[in-house]
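Just passing along the structure, written as structure tokens.
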Amino acid sequence: MGATLGELAVRFGCELRGDPDVFVKTVGTLPGATSDAIAFYVNPRLRRELARTRAAAVVIAAAVAADSPVPVLGSPQPHATFARIAVLLHPLPAAPAGVHPSAIVSPSARIAGSAHVGALVTVGEGTVVGERAVLGPGSVVGERVVVGDDVRLVARVTLCDEVTIGARSVLHPGTVIGADGFGFAPERGAWIKVPQIGSVRIGEDVEIGANTTVDRGAIEDTLIAEGVKIDNQVQVGHNVRIGAHTAIAGCVGIAGSATIGARCQIAGQAGIAGHLSICDDVVLTARALVVNDITEPGVYASAVPVEKFADWRRILGRLKRIDTLARKVSSLQRQAGAGVPRHDEDDA
Amino acid sequence: MGATLGELAVRFGCELRGDPDVFVKTVGTLPGATSDAIAFYVNPRLRRELARTRAAAVVIAAAVAADSPVPVLGSPQPHATFARIAVLLHPLPAAPAGVHPSAIVSPSARIAGSAHVGALVTVGEGTVVGERAVLGPGSVVGERVVVGDDVRLVARVTLCDEVTIGARSVLHPGTVIGADGFGFAPERGAWIKVPQIGSVRIGEDVEIGANTTVDRGAIEDTLIAEGVKIDNQVQVGHNVRIGAHTAIAGCVGIAGSATIGARCQIAGQAGIAGHLSICDDVVLTARALVVNDITEPGVYASAVPVEKFADWRRILGRLKRIDTLARKVSSLQRQAGAGVPRHDEDDA
Amino acid sequence: MGATLGELAVRFGCELRGDPDVFVKTVGTLPGATSDAIAFYVNPRLRRELARTRAAAVVIAAAVAADSPVPVLGSPQPHATFARIAVLLHPLPAAPAGVHPSAIVSPSARIAGSAHVGALVTVGEGTVVGERAVLGPGSVVGERVVVGDDVRLVARVTLCDEVTIGARSVLHPGTVIGADGFGFAPERGAWIKVPQIGSVRIGEDVEIGANTTVDRGAIEDTLIAEGVKIDNQVQVGHNVRIGAHTAIAGCVGIAGSATIGARCQIAGQAGIAGHLSICDDVVLTARALVVNDITEPGVYASAVPVEKFADWRRILGRLKRIDTLARKVSSLQRQAGAGVPRHDEDDA
């Protein structure tokens, strides 16, 4: 597999500066790319790496193309264009159509002729698997599940009963879709399990990382809209709704019945409490904690980065006594009398 | 499956207001329930939804039953009663007794005649599986494991050697019980593995969520008492002990040798350091971090919810300089002299 | 299996105080050890337990050996010596050489004669499995994977294509090595997947806990050096590099392209942002969050432990208004004039 720079420029609508006949076979990083590899440049912090690159060509915005020491493929969206080139040069190997003899498939399941059911996969009653779908080795697919066309369960994915996965979605190993939500009612000091009779509906073009969990709804369904991207080790509680094209990084926890808008970006280890609503176009920085509705687009944060231990200990000690500090300031203000302008009335 | 309101009232000891012959088949939410569905009401924030519901009946406390526009099943514990009704209307399908031909079961394992061993399950030497227990597809059950009566491993659960699971417990997909604890001794700049020879004992009526991990003890056993409920993606370190009926939400981390009392409620993303003790009836709010013993029942918190990014940045900047701020206040106090009442002596 | 105290003293270079012919069969805790068991003592908080122990002998530092009421094995590294004794007394049962008939092994895979391929394991094309390696039940091993000598995949481990695992490494159940990194490029409001064509290389003597995930590199490889120990539920993003003998506790999240030095110790729930560098010999306390480079060895922290809910609420309220508080102090200082010594100029 490979292509000339000229072919890439035509195919992806790039402005080529350099020899169109140069043949490339792979992609690389700016410092690591060899003379048969394409790299890309978007991050100004890598300017030095750009100046030294030996790539065959760099995908780059027109405005900074002159900074490249090697041929360029000018593109308004260098990273996306690079991604498309990488797909072309490194296509996924097609999985052969058919059901591996070691798979255990219910006779009532309907598996498209072009689908691949891998080794040691189980498929339950009444499940439907679409064209060219791939059920990777060790996956467990329950009853009455709907797997869309071109879906890829990489390996060892679990889809519980009645789950629906939209076309072209990709689920990575260890992911569990449709386990029971955490629903218990208190009764005389113990917990009664509340049956979780909803399911999970996942839209088209969704990607879900390794060991992520998405719980089934208590009564109605948990919903993940088209184009959502979820990283590894994320927990999505029952009846959560996530809007289209929202991206969620690793280790995020989303409690039950939270509603998250479209095009949000949620950084790693963020937490979202249950029964609240976050509007479209919200960005949460790493480890942000949301416990109330967010009704205005924008960037939100609450994390505290590290200090040296001794310094942090002192800061923390002061924080724990901040109430005392505030009262002292109020006393000083009272003593100073009218001479001190009051900024506000917030000191109880 | 279905029942009349009259049958439900008798069976669950509810006070029925309405036509006892109305037949219901399912459960629903207040806004979503159709005329053949039972809903419930406990959360006052849903008063508006109650007023508009078209459910066949609502399970509700007597004191507010008059607010329901439809028949009511009066109950002092509406959520628990609703849960029992939901179980009646949506019973789990019984798994057929027997061992699937694709399962790999050690000849020395003892599987009760009424137990179900699913497709592609492995069961090791000397393991005992109780009556009506269900080992879902893809589960790996090690050697000398004891699986109690009516236990349900939903699918792809891993029980390592010597683990014990009490009767009626439910374990969700991806859960790993009894992996080695994180035990290493430092020696000349490297780590020596400390064999983890304890195991895990889980009591009766425990539920453990998807992709949760409970490590085996280093020497003695990790212990989870009866009625404990654990959500998804929780980590329980070696030699942790969790008291009866404690509930632990998603993404919580509990370090080794922590002891947690009975009837605690631990919200999502909380963290509990190792070698400490939390008494009975403690509530930890979302992302609370415990690093010392808690000896008094009550609610504990330490999380910081989000602000707009610019605001948070300013707050954080001030926090990091709080030490300076406190010293300034002390100077002002000294300058003001005896005229300022000292609140306490905590400003070093 | 068992040994006399005399044999243990010789084998592990301990100074024995007590009867060399006492025979021991197991290990125990100080309070739990019976008269045929070895315990160890390093933590001064367990002095009382030491005074009451009935162990056959205690592994202990010479300086405090006199505090033991029972025979001692004097050692400069009691925990490491104890670990070696525990390995001797509780050896791992050897897994039988050979491929289980239910395993699905590609004809092009090369499996060492002494390796064990367990029940329901899949091994892909071109994969190489070393001498005495153990692929536990339910593991999924992809194509062109290299599994070193004496590696142990305990059970249900997933190794994606091209991953390399160094000799003697141990991977616990549910671990996923080499899933795609979280790489997407924005384009017109949606996300384009960036193919993840790097892999993961794991060094020798690494241990990785249950349900941990290590993503493959976007272009170059994710690297984990020899002797690294990683606990359960940890997320390691694409192109992360972790230096030798670093230990990482449970629930830690490490974002893409972070570089972590050698001999670091990272406590539970810590978070490390992407594209940064942490030098050798850094200690992060529980839930520390790193968002910038750390260039100096030492201990770093940022976590806030719990207070009673009402107290925390008051502290938090004050924190959110700390800006106002700081401005008040500035006003007071201005009013007080030159009489108040300024500590610094940091109050904007």
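All chains are identified by letter, namely A, B and C, in their written order; residue positions are counted from 1 within each chain.
Here is the rule we use: a residue touches a chain if its C-beta (ideal position, glycine included) is under 8 Å from a C-beta of that chain, and two chains touch if they have at least 3 such contacts.
From a predicted model like this one, the values you see are computed outputs, not experimental measurements.
Engineer: How big is the rotation relating chain A to chain C when the fit is done on Cα atoms? Please round to the nearest 5 degrees.
Structural biologist: Rounded to 5 degrees, the superposing rotation is 120 degrees.
Engineer: With touch defined as above, tell me whether chain A and chain B contact each other through largely the same residue numbers, more than half shared, or through different ones.
Structural biologist: Shared-number fraction below one half, so different.
Engineer: So how far apart, in whole Å, are chain A and chain B when each is placed at the average of its C-alpha atoms?
Structural biologist: Here the centre of chain B sits 25 Å away from the centre of chain A.
Engineer: What are the residues of chain B that contact at least two other chains?
Structural biologist: 102, 120, 138, 156, 174, 211, 233, 251, 304, 307, 319, 322, 325, 329, 332
Engineer: Over in the complex, which chain C residues touch chain A? Could you list them?
Structural biologist: Of all residues in chain C, those touching chain A are 102, 104, 120, 122, 138, 140, 142, 156, 158, 160, 174, 176, 179-180, 182-187, 189-195, 197, 211, 213, 215, 219-220, 233, 235, 237, 251, 253, 255, 271, 273, 283-285, 288-292, 294, 298-302, 304, 307, 314-315, 318-319, 321-322, 324-325, 327-329, 331-332, 335.
Engineer: Can you tell me which positions in chain C touch chain B when the two form their complex?
Structural biologist: 26-29, 32, 77, 79-80, 82-84, 86-87, 90, 100, 102, 118-120, 136-138, 154-156, 170, 172-174, 205, 207, 209-211, 227, 229, 231-233, 245, 247, 249-251, 263, 268-269, 286-287, 303-309, 312-313, 316, 319-320, 322-323, 325-326, 329, 332-333, 336, 339-344, 346-347
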